[in-house]
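Report on the structure given below.
Per-chain residue numbering starts at 1, and chain names A, B, C and D are given in the order in which the chains are listed.
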């Protein structure tokens, strides 16, 4: 197998998100439903903004798959913005007779607004936040859903669950990825400890009322990984470093803790409230 | 400016071609017309297959540009396949009740059919030729049109012209890129020597009658390049090597000759008839 | 400035460590003393094995610098192993008449021994531990010392200090990098809180007696960074992700926490005792 | 097998050349003699400068090989400059009390002197020519010798021979790599046609008398390559492009022509006299 690589593109309120994923082997069974299932999981969660509710993201595969099998060629993914009709003028590619109305000139703390505006020389910080937005993770989830399909062929499964929100911590014992998937699918916070979860939900409600948000910690567990991934021979081939880059590149994630359990790789990942 | 990179995706008869181009600075004026102009130039030429005539490629910019200025974020480009309605079942992403009809089992010499079939384990070589097709260059031309826009801001211009087809050679003296652009826009072969061109056209007609094709040589001239591009410090940073990779990665190009004229960079590039 | 890149090479008990660093601009003042100063700082610390004491690492610059100024070309660094005479047969490049004596067949927990042996098909796990060793960080420190020289030209300074060993935590208030450098140079653990440090030292002694080791946390503070490093436009260009990869690629580091203070970038980095 | 990569470092009259090659599998038989054999072949040739004669390059392997087998870790190579004693002050890493004597202020046509001086801001163009020198290919040949060792395990062999010098062309029929190796080892120009070679030698002598040099063409033939190297799926994964970059990155090479023969890959590579 060749090295996997991917690029994503798309503004949060633009017409669509695009991703190109390359390096998947040929002959892998892949359907739109495999990806849409993960996109729907991404849209769950408690205490989110209204946008997550009105949209149900659906992917189009526009290359790299034929008759439900991958071709080895780049897989391109398109996710339409369902709210595009309301943003066509504001986010128009062409110059517009109407000046933009939803201009953002006050940078929000904890976001890329200010540094992005300085770096790219923008007065309207919408030009930053449209791309720095967590909406971009939709395209990553779509690519990740394909990577999951490949891992499934080798009986490798991964799952995440929330172990802390604010100062409330799950007391549930560690579980395998398959157990986590089975137990958390209906949990609003994907938390294995339902008593802790009830208190977490209350804390979220409280923060929301104040117009605040909360940090938390989630754990990712992977079942069935073979030994020998990555290598110690050079700094940029170490698995720990690659995982850390992937995880810290996610919007709002501020820390990672990698610990190897018995036959499992566990990441504790903290996100700041902002 | 950061490093430019791009990926293309798309099968020749799939629903669309996609490209993501990243690394363009923000604030560059860019319109769809800039790109469509180059796509139309690509579709000119003499002796091509019928497909080039029925389609007029048009690009959609789906990210990275707002109100006619680049945002510094990845620019995604979409070029619909105008003939898609005739290929929807054959090239369907989903598995199809109808078995494919346009199956290719006999590999064509001089193409990737055979090695692609071996490498990716295909019986239907359509799975290879759909991606190995020269149709893919459409996405590259679209990305290149954006790079041209950037170069224009620095008064850097580039143009190509045909200097040989089969054994017939243009006798026209060297010209600047701006002169070549002005003189060859209406020439069916983009040749500066109209007498040689008449003989080249006859040779193409003759080859076509025999079901054959012809090799040729084209020259690319760049005006206005500053000194100091690339570097001698490491093998993979040399400009000659980077240009050679870019050019030899084009379908059917089999050779390159780099010679630096006075204030100009000249490439002679040979393509085999196949 | 072009992208910086570097590769290191060398086995722990081989003849020497080598690094090639490329991408430094030309005309930067650089001396051997700049690098040796950082190598000596690396060799400080409390509770280390005997090896750290007998060797005083010294670098040779074998390319990329002339008359105390960088040339823009790759900088190669060589650090001789002072103990090489005792390892010449054991680690000989050529095949040896004498069979190896210091063969390692029992993999140590928490190290790369087992997975390295499986991945690269070794019976003698010395072949793994010689490269997976923390000795390799010597070459990284040497490269980092050159990067520091560049940053100093822009009045950017960085410093690390220990904030926890085992369950003992420094109570000292946050400081700037310049303050940390001034205050911790004579501290055996580079800790700003001398009372906590005394207890940390006792804890280290205790662990050592048991043949055990301890985890801890250190903080890196950077003064004077300009805004706009990294970019939000693509997952692999985010500064957080790049920092996380660099840090988690260090032997024994298992976690990272990135928080941006006022005008400062702070990393909390945890290392497991193993 | 992971991706191979390598970096070279070293000024032509500096203390040594260094290379780090990474990505070779473990367990490959490798000796210093394998590399020195290729370094000696590099030093043959007709009409070269005096330097090629006085030196016999010898490599030291300083990492990545133990008891004649590769370790999978980076292989570092060191080639001492035998003439270093005469250049110690001129090329000193430390600042020198004695000002440089062999200062180069007149850029040579056809070399990197002028653009390098502009790009890196040098008055003494020795700072450019020391790195832009063809001496750097010594380090590449050393890396290439290791790659050859790997290919030999798969019965893949490659050889080059000269097919043109100035306007004189070899009339010898094509041969396999093994035949070329057998027949050209004692030929001063590695030419299969001894009659043409005699005329080529006379032409070289003539050019030398005039203080001139000559262009030429050499062909590289590879025996035993399996199908499916490289890929058509993305522009930067095409074998033709990668080969072209590697070849055009060699000093003085100005063109490449890739044609696939029966079971063989043939490159015609032109070098300009300068």
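Just so we're on the same page, a contact is a pair of C-beta atoms (placed from the backbone, for glycine too) under 8 Å apart; a residue touches a chain by one contact, two chains touch by 3 or more.
Since we're looking at a predicted model, the values are computed, not measured.
Trainee: Have a look at A-B versus B-C and report the one with more C-beta pairs in contact.
Mentor: Comparing B-C with A-B, the pair joined by more C-beta contacts is A-B.
Trainee: Could you grab the centroid distance between chain A and chain B? Build each centroid from C-alpha atoms only and quote it in angstrom.
Mentor: 35
Trainee: How many angstrom lie between the centres of chain A and chain C, each centre taken as the mean Cα position?
Mentor: Here chain A and chain C have centroids separated by 32 Å.
Trainee: How many angstrom lie between the centres of chain B and chain C, each centre taken as the mean Cα position?
Mentor: Distance between chain centres, rounded to whole Å: 47 Å.
Trainee: Counting only residues that touch at least two other chains, what does the list for chain B look like?
Mentor: Those would be 7-8, 22, 72-74, 119, 131, 231, 233-234.
Trainee: Determine the shape of the graph in which chains are vertices and touching pairs are edges (line, ring, star, complete, other).
Mentor: Graph shape here is complete: every pair of chains touches.
Trainee: Can you list the residues on chain C that touch chain A in the complex?
Mentor: Going by the criterion above, the answer is residues 7-8, 112, 114-116, 118-119, 128, 131-132, 140, 227-228, 231-236, 238, 240-249, 253-259, 268, 270, 272.
Trainee: Could you list, by residue number, the parts of chain D that touch chain A in their complex?
Mentor: Residues 2-3, 22, 72-74, 231, 233-234, 237.
Trainee: If you look only at chain C, which of its residues touch chain D in the complex?
Mentor: 5, 7-11, 14-18, 20, 22, 25-27, 31-32, 60-68, 71-76, 78, 91-96, 100, 119-122, 127, 130-131
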